[in-house]
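Alright, structures below, take your time with them.
Both complexes shown next keep subunit A, but they swap its partner, so subunit B is in the first and subunit C is in the second.
This part shows the complex of A and B:
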């Protein structure tokens, strides 16, 4: 039922979503921690910036990235001077774009989880000789693991489901930027409804299962 | 070992500054007692380094933890303290054993810490494999105290550890704290607004008043000071240190000696020579000018009136008495004061209706 091209697109999608989720964990965790604990006046502007991809049409994001990645864009100039070439229509470019697009879905749950811990467990840990990094890894991380599950699942699923940004800056290059959502679009354009069904249906079931997992992992309202 | 705890903290509150300047004894329990909002918890948090008070100075013997004149501030995790918070704050992701080990491990699992003894003293041996959130409030607080002790603190800080518990749970924990007091070499600072707990546990008292005045000194003389009576007006009375002197098995009584007299109480199980601490409430003390001959009151002492102060209730006065080295307080009516022609210097007979054992 699935062609080699379909399978290639599926594999690429999984690779993209995994890479993006892992990178967002690494870069988003400090940002979420800072947003949850800082009293800086930059907190609100940064919060707004992080949430921006939620409200912008993907084409807007894609458009500006395309310009930035281009030969005269700031990122394009940088990557060219580093000898990497241009990022538009490449897998790394797609990764960066997807990270921006999925960022709020990872940072927001992490921030909520960090805020929910409160100050007290960290103070307790400090009185028990735990330094700042120790407190983060031995207290904050384990206490916010549900937040990490939610963030990971949402970030992954949202990356799988993106279309607009991919189309704008990734194009439609097999094995490099042609992900499942684009492949479905191609099938529909070519009136290959059967193949479109297989992929689209699969994506729908996948998304449903992901959301089910997220809701199932949420703690029931417990009385403390 | 004995290092005085030096505290100088200008605590800024909404509307006033409380200049704390304290030297606390290096052993026993010092109580910070005062109404809520008087700065007790702020002082404790500053001691722990959880808050940095501007222009503060804190030293534990020769170890300086904060000295703003030198820009010195030792962060909390580098201070050898144990802190017990008001609400039991166990780590929810760890078992009781994991909680206990948290500080113990980071202190280098010192061999001088007898973990078995601590577990036994707080009666938590059966809870070790339970999850922290499966414990009752009283059990959690006992685990929290044990956890603090296992990190081998040089100073134990207790922030109203009983305040969040109901009276049954309080009664459950108080004996453990009293035992702690008797067996532990570590000095402790105990924040409380409950006079009963302070009278039971403290050796040294720091009184933070409504008037931003700070008074401090050993507990028994502090409790007997008439000028501080307003702070103890809920339940004025003194604490006396006694020693079991003899047992009378015919009448089922024990005789306790203290400097200034003796006290008969219902037969105690403790052997002769054992120290016991008693609280004598002012409301349980009455005065007569002539020696009472036919009275059912067992304990009658000879004492001098040394002072008097008014109480919240216009009908009653608080009278200070001196029997040997021991000061007592009696709450009597204004009419009695006048009728008996009492005044400082007058000798009276003091009848003690009852004495409450502490700890």
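This part shows the complex of A and C:
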């Protein structure tokens, strides 16, 4: 039922979602930690910035990225001077766009998990002469692993479901920017409903199973 | 509520609100993205003669509109970039008029970064053109013709890996306009617009390289009882509408090719 092009789009989507989730863990964890612990007056502006992609239409992000990635945009000027050309219509460009798009879905659950730990366990660890890094890795991380699962699943799933931003900056290139959501759109446009059903139905089942696994493995987790 | 209040105050308001739409007509037009500037101009001219009527235009790819109308989209007229789509609708019994050709479209090579007026399709093999924007040939007629022209000029194998696809010809022009693609193949009607023409330059692509792009329109079955749709269809044949098409680079349909 699935053509080689469909499988290519599926593989590309999984690659994109995995890359984006891992990168967001690396960059988002320190930000979430800072947001949960800091009393700085910059806390609120940064929180608002992080949550911005939640409320913005994808077209706003897509439009600004298209302009910024262009040869005269700030990112385009930088990437050209580094000799890597323009990021629009490329897989790395899609990764950056998806990281912005999925950022709140990773940082927010992590921040909630870090806040839920409270000061007490960390203070106890400090009296046992655990340094800041040791406190984070030996105390905070294990206590907030549910937050990490939630953040990972949401970041991954949200990137799989991305469409508007990809449509605006992707250029629909097989193997590098034609992800599943765009492939389904093209099938529908070209009246290939059979192929659209196969992909769309498969995605529904996949998403349901992922969410089911998450809810099932965490009995006390009621909602995200 | 007292009966008098209803009779003297609310009743006239209700009557006014409910009868207003009946006196003024309303049409919604689905138009191919290459018509953006020409159709804006044509509807503005039409509105001057019909100030009480409402004319709405939505732009997109012809293939998308074809699919949407098949699924019952409430469009009254469909201006396609290729008469093939209106003909298919007619065969499916979804139209209220015979599909008619209104203009002949042309494709051009356009860049916002370099002067493309001296360039030809053969220049696209140069490494400096690392991305070439075309409309998606699966559902945008202008993309289909662009691919045909690249194939018949013999550069297809060298350039196919450099193509980036816009959802419709309007988005394709945006890819070029923002410089994300250094060059692209777009509609002459878009390249002639001042917003695009002020940058770079364009070169028309010889018509022998692609099948004639006969643009056709049709009144949909949805507008079977809408007199304004027929009025607008008649207006398309008028000298003033034809002059606007000509202004935006559309050629008249040569006698004999019209269906």
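We take it that the second predicted complex is superposed on the first by the 216 of 224 C-alpha atoms of A that agree within 3 Å, B and C clash if a C-alpha of one lies under 4 Å from a C-alpha of the other, contacts with A are read in each partner's own complex, and residues count from 1 in each chain.
The rule is short, and it goes like this: contacts are C-beta pairs under 8 Å (C-beta built on N, C-alpha and C of every residue); 3 or more make two chains touch, one makes a residue touch a chain.
Bear in mind the structure is a predicted one, so any value in this text is a computation, not a measurement.
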Partner chain in contact with A:156 - subunit B first, subunit C second, else both or neither: neither
First, second, both or neither for A:101, with subunit B first and subunit C second: neither
Touching partner for A:114 - first (subunit B), second (subunit C), both, neither: neither
Subunit A: partner with more touched residues, subunit B or subunit C: C
Subunit B versus subunit C as contact partner of A:127, first or second or both or neither: first
Partner chain(s) touched by A:85 [first = subunit B, second = subunit C, both, neither]: second
Touching partner for A:66 - first (subunit B), second (subunit C), both, neither: second
Interface residues, subunit B side, partner subunit A - complex: 48-50, 75-78, 81-83, 85, 87, 89, 91-93, 102-103, 106-107, 147-148, 151, 157
Residues of subunit A defined as touching subunit C within the complex: 66-67, 69-73, 76, 85-86, 88-89, 167-169, 171-173, 186, 188-191
Interfacial residue positions of subunit C with respect to subunit A in the complex: 61, 63-64, 67, 70, 113, 130-131, 133, 136, 138-139, 163-167, 171, 174-175, 178-181
Touch list for subunit A against partner subunit B, complex: 120-121, 123-132, 134-135, 138-139, 142-143
